[in-house]
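Both complexes shown next keep subunit A, but they swap its partner, so subunit B is in the first and subunit C is in the second.
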Partner chain A sequence: MTDAAISVEGLSIDYVVGAGRFHAVTDVSLEVPAGHVVGIVGETGCGKSTLAQAIPRLLPEPPATIGSGRIVFQGIDLVKVPLWKMPALRGTGISMIFQEPLNSLNPAYRVYDQLAEAVHIRRQREAGRSRVDPRPPPPFDYSRRPAPEVGEALSRPIVPAGATGALARKMRERHPELRDEVLDYLRLVRINDPETILELYPHELSGGMRQRVMIAMALSEKPALLIADEPTSALDVTIQAQVLTLMKELIEEVRTSILFISHDLGVIAETADELGVMYAGRLIEFGPVAELFDAPRHPYTKALLRSSPTRYKSDGPLSSIPGAVPNLSRPPPGCRFHPRCPIARPVCRAEPPPALLPADGAGPGHRSACHFAAEVASLP
Partner chain B sequence: MRVLRANPLTLVGFVLVAVIVLVAVVITVAPHLLTPYGSDAPTTAYGQAPSWAHPFGTDSGGLDIYSEVLYALPFDLVIAFAIAGIALVVGGALGLVAGFWDRPGTASGVASVVILRITDVFLSFPSLILALAIAVSLGRGVWQLIVAVLLTWWPYYVRLVRGETLAIKHLPYVTAARAAGVTEGRIVLRHVLRNVLEPVIVYFSLDIGTVLVTLSTIGYVGLGVNYPITPEWGSMIATYATAGITTDPWTVFAPGAAIFVTVLAFSLLGDGLRDVLDPRSRRVLAGAGTGGPTSTSPAERQEEAAEVSGEAGELPAVPLGEGSPAP
Partner chain C sequence: MGRSPSDLAVFVGKRLLQLVPVLIGITVLTFVFTHLSTVNPCNQWFPHSHGAVLANCQHMFGQPLYVQYGEYLSSLAHGNLGVSEAGIPVNPAIVNGVPATLELVLAALFLMIVIGIPLGVIAAQSAGRWADHLVRVFYLSGWATPTYLGAVIAAIYLAPYLGLPAHGEYTNTPPPFRQWTHMSVVDALLAGNLPYTADALEHLFLPAAVLAFINMGIATRMTRSSMLEVIPLDYVKSARMKGLTEFWVMYKHALRNALITTTTVLGVTAGGLLAGTVVVEEVFDWPGIGQYAYYAIGGGGATPNFDGAVAVVAVFAVGVVVANLIADILYGILDPRVDWR
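Now for the complex of A and B:
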């Protein structure tokens, strides 16, 4: 328990629109062990992004309301923290990478200014000078999560200093030490020629470069937990592969805890240690990635694996799941997957399956929310 | 500067505004450089048509029209800037607050609604009619004139800034800043305000012209300042139009032309500023002006190169800063 970077317990989130309630996330319990990468997959609208944004309390409330549950981060229940105190916990505590690299950087500022802001915030926190939360340095154990080690080859200046721009010059003179750190982080995300990139505006960068800058921003705060909300979805395939390679390398180097949201099973298979599968607002299966891929214990996971090409399934035609995603303002009674489930029985219609239980015959830590988890293995 | 050269009309607007401001300064500190006649000091020529001595003629009281138009310039400019400026600051601040903190059910949400309903009350009257009505009730005078126009002017800035704020505050980069631990106050000032500024400054520079026209209109119907005691273009036209537009038609030409040129100058400047303030078009314009690299930014080139070799970190440097010549 104490070893978890974050633990979500029975979290339910509704969107209240007019008189209707849209149950985006229902009773989700989840834990990201420190230093682990936990993936969340699910199709569009299953609540994974809502979950991702709810953890650092970034959802607009209203319309979103956190109905019940706890989000425990460093011993604090984030659900009970007043919103005005949240900035002190974001960034250095929980940082986030978003899926729209096009709009996630402020178009009015150069790359340097955006990164320097993040580095500056972290330094203020480390010096205990945050205005929102004037407590001395937060009780993060930095020794367990050492500062990113910039390899020797990377720390060598690739291009001699000589970048231009009046604002950058001014800032550089004022905070020379900030600039060095900003450059380090740009090198960390494998940006070649960081001295030049520093002076550019976001619109002058390609999508892949922007996402690298975003990743550099998030990492420069040395977050205890990094939430990556589909960081590669908006990029085209070659750039996606580059960013993914980068993410994998950084996961090794930085050793921070990561919650990785994606709808791409391949991406998750390559990055995550544990995987959670969400369907219609519920977490339906959770377990170590390899085991979950080899022996899924929920019919939806099985169907999902059969419908996408991964290294776990590379031959034969891809299948589709019959039916459509349920309307979450009136979710089906019982198990939410029963209308589309090949092994549904009357009990599935009547009773919701128990929250995640260790599945029969499955490995440790592999839990599923299905009445007939044991039968899934026999499915085609 | 390169940006200004790229669009000739912007350059015209910029030069015109510079000249107008320069003339206004000179006529205030050293009037004898521009005209031999003092303000409100009659010459011996009465009702004379334009000549070399009096380029725009004189009125029936012997005042040199050219000098009077120049003497009115600083007054008109300062009043226009004061009105638009105060409206910008007051209306803009209210709009920013009303736009950013508009969550219903909170204290700030209520404040936001109150601000907007008061704004609506003012907006529900045609602004010129309202300004005239206030001017009538306050009487003639400089301060009365400023107050009358100002009271009708600020709501437009509230609406403009609020609209822009609403659009910007939901953009991903604001959420990203929030996720990075930036406090709300800093988000408003650094991330939202900076991006609201651009359309607002453009609107402001266009607005200077509109304020001038409104001032002149109020002067024209005889509710403005008292000409010739205080020279002001609108009041000049009003005075001369009633005094003798049929006998001395040149008397109304110069102040009318002065209004036209000044309004035109600020409109052209405003259009140009739109391009200058947007970092996106700034680089493109600057590039167009010098024939430098625009189609491919250094970053894009690097990314393309990275695709070829597959590993960005091992690439040779692409030493391209801004303004370096195209290869």
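Now for the complex of A and C:
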């Protein structure tokens, strides 16, 4: 238990909107072992983003309220930490990559200023000027991949002369050590010619470049836990592939603990060690990726795997799950999946399944929340 | 067009050229309206005069209006703003009054920025809660106060209560130093006279505070609403996730983007501030062009001064155009996505 980068225990989050109450996350328990990549998949609206943002207490409270549960990070229960103390835990403790690279960089500041700010915060904390002193983060290793060779044409500055450009450059030269480190991180995310990128504003970069900068910014704090909230969903397919390749390489190189949120099973299959499946606010299955893909122990996971296009050639129409995602203000009684479940029986309507039990005949660490987990294997 | 300094120069040049039609329009309108306001002015103003004064007046007003305007324009082209009906030239009054008014307006603008904008941020942060309502009560009461009422209340009740002066620029006028700029605080500072600087600041405070209080609502309200638009955006979240404290998240990351709208609106309020000076300067006996305008249109039983009124209106028009130009330049500096065009 103690070597988990973060462990979430019985977390429930409601949105109180007017007189209604949306149970966005109900009784979710999961754990990210140190150095592991844990994926969370689920349909839109299943509560995975809410979970991701609840961990660093980023949700606006109200309307969101954390009803019960614990989020244990480095021995601290984040649910009990007052909000004004949270900044000390963010950044170097927990860092995050957002879905929309268009919006996640501040349009008013140059790339350098935003990256340098992150590096500066980490340096301040490393120097002991922080309220909370996290354990030393896992070491970073750039040595495996030398900085890419940059041609003369690329390294020539092509910065448009902005009205404040000269002043900004002058400020930059005052902190060469910050600048060097920022350049290191831009090279880490495979940006050619980082010297030019430094001087640009986010709107002058493409979506893929912005997401790279965002990843560099998150990594430059050397976080103990990195949360990636659908980092590739908002990008073009080709750019998605590039960013995903980058993420995979970085996971190899950086060895930090990552909670990877996605609705794309393919992305998760390529990156994660363990996988959690969420449905209607509940975590319904959790296990090692390979095993979960081979032998799912929940009918929803099975249906989800069948309905995702896996090959470029199609063999018949794509299967879909009958029915619709339940309304989270009045979730169905019992098991939330029962109205759409092919093996539902009366007990499923009456009783919620026990939370994540080890499934019969499944490997270690593979747990599912289904009354009839053993029968799932026999489903078509 | 792009964002290089030469683009900025072209932009400023174009906008200043727009001043020419604005000035022609504004002088035509004010000239016509002032000259139509009084029937047979010479007999009204100088009922007991004879000889030269009356003859001069009748010579001035006896001609068709377009001839009078033509004469006015030709004297204007020589840098002469005209002569009052009592025979006093307008030029020195404007030259001495503009800096005093500018000082008052800038002080009010300063108060609006350092108080109004943080209040807007506080209101946005606590949207829907008591601090938000408190701020709204504050700026709405300012907005709802007529200038004359606010100024009179401040001068009569607030001034003795706070122990602040409510008349003129200095306690003892004229001050014992040369008034280079005719801005009271700046002059005292230039002379190195600290007691007079403090005295000038005390005199400046109440009129500027009244002007600021009445016009502050727009700054606070715009800041609040644009902050509410900015705060839910991802880049504010990513600023939080860097580990920045809420103060820096708000004032460095969110406000920087919210200010873009506020700046534009502050440029527009320059008109309101200048209009407010007419009443505020009269109530606080501030020797600016607002007070001059009050007397030029016959306030306090003074002989009307048509050329003076036209001159003040023209100066105000220039002020509004320049304020909007500055706001547009700041807009481009605050938002790197904007081209100057």
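Definition applied: the second predicted complex is superposed on the first by the 336 of 380 C-alpha atoms of A that agree within 3 Å, B and C clash if a C-alpha of one lies under 4 Å from a C-alpha of the other, contacts with A are read in each partner's own complex, and residues count from 1 in each chain.
By definition in this document, a residue touches a chain if its C-beta (ideal position, glycine included) is under 8 Å from a C-beta of that chain, and two chains touch if they have at least 3 such contacts.
Predicted, not measured: the structure shown is a model, and the values here were computed from it.
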item	value
Clash or fit (per the criteria above) of subunit B with subunit C on subunit A	clash
Subunit B versus subunit C as contact partner of A:Arg70, first or second or both or neither	neither
Contacts of A:Met96 with subunit B and subunit C, given as first, second, both or neither	both
Which superposed partner A:Pro87 touches (first subunit B, second subunit C, both, neither)	both
First (subunit B), second (subunit C), both or neither touched by A:Arg255	neither
Subunit B versus subunit C, judged by how many residues of subunit A each one touches	B
Subunit B/subunit C common contact set on subunit A	53, 56, 58, 84, 87-96, 98, 100, 103-109, 117-118, 121, 125, 162-164, 201, 203, 214, 217-218, 221
Residue ranges of subunit A in contact with subunit C within the complex	53, 56, 58, 60, 84, 87-96, 98-100, 103-110, 117-118, 121, 125, 160-164, 201, 203, 214, 217-218, 221
Subunit B - residues contacting subunit A, complex	103-105, 171-173, 175-184, 190-191, 194-195, 198, 279-280, 283, 297-300, 302-303, 306-307, 310-313, 315, 317-323
Sites on subunit C touched by subunit A in the complex	2-5, 8, 232-235, 237-246, 253, 256-257, 332-337
In the complex with subunit B, residue positions of subunit A that touch it	53, 56, 58, 62, 84, 87-96, 98, 100, 103-109, 117-118, 121, 125, 131-132, 153-154, 158-159, 162-165, 190-193, 196-197, 199-201, 203-206, 208-209, 214, 217-218, 221, 238-239, 242
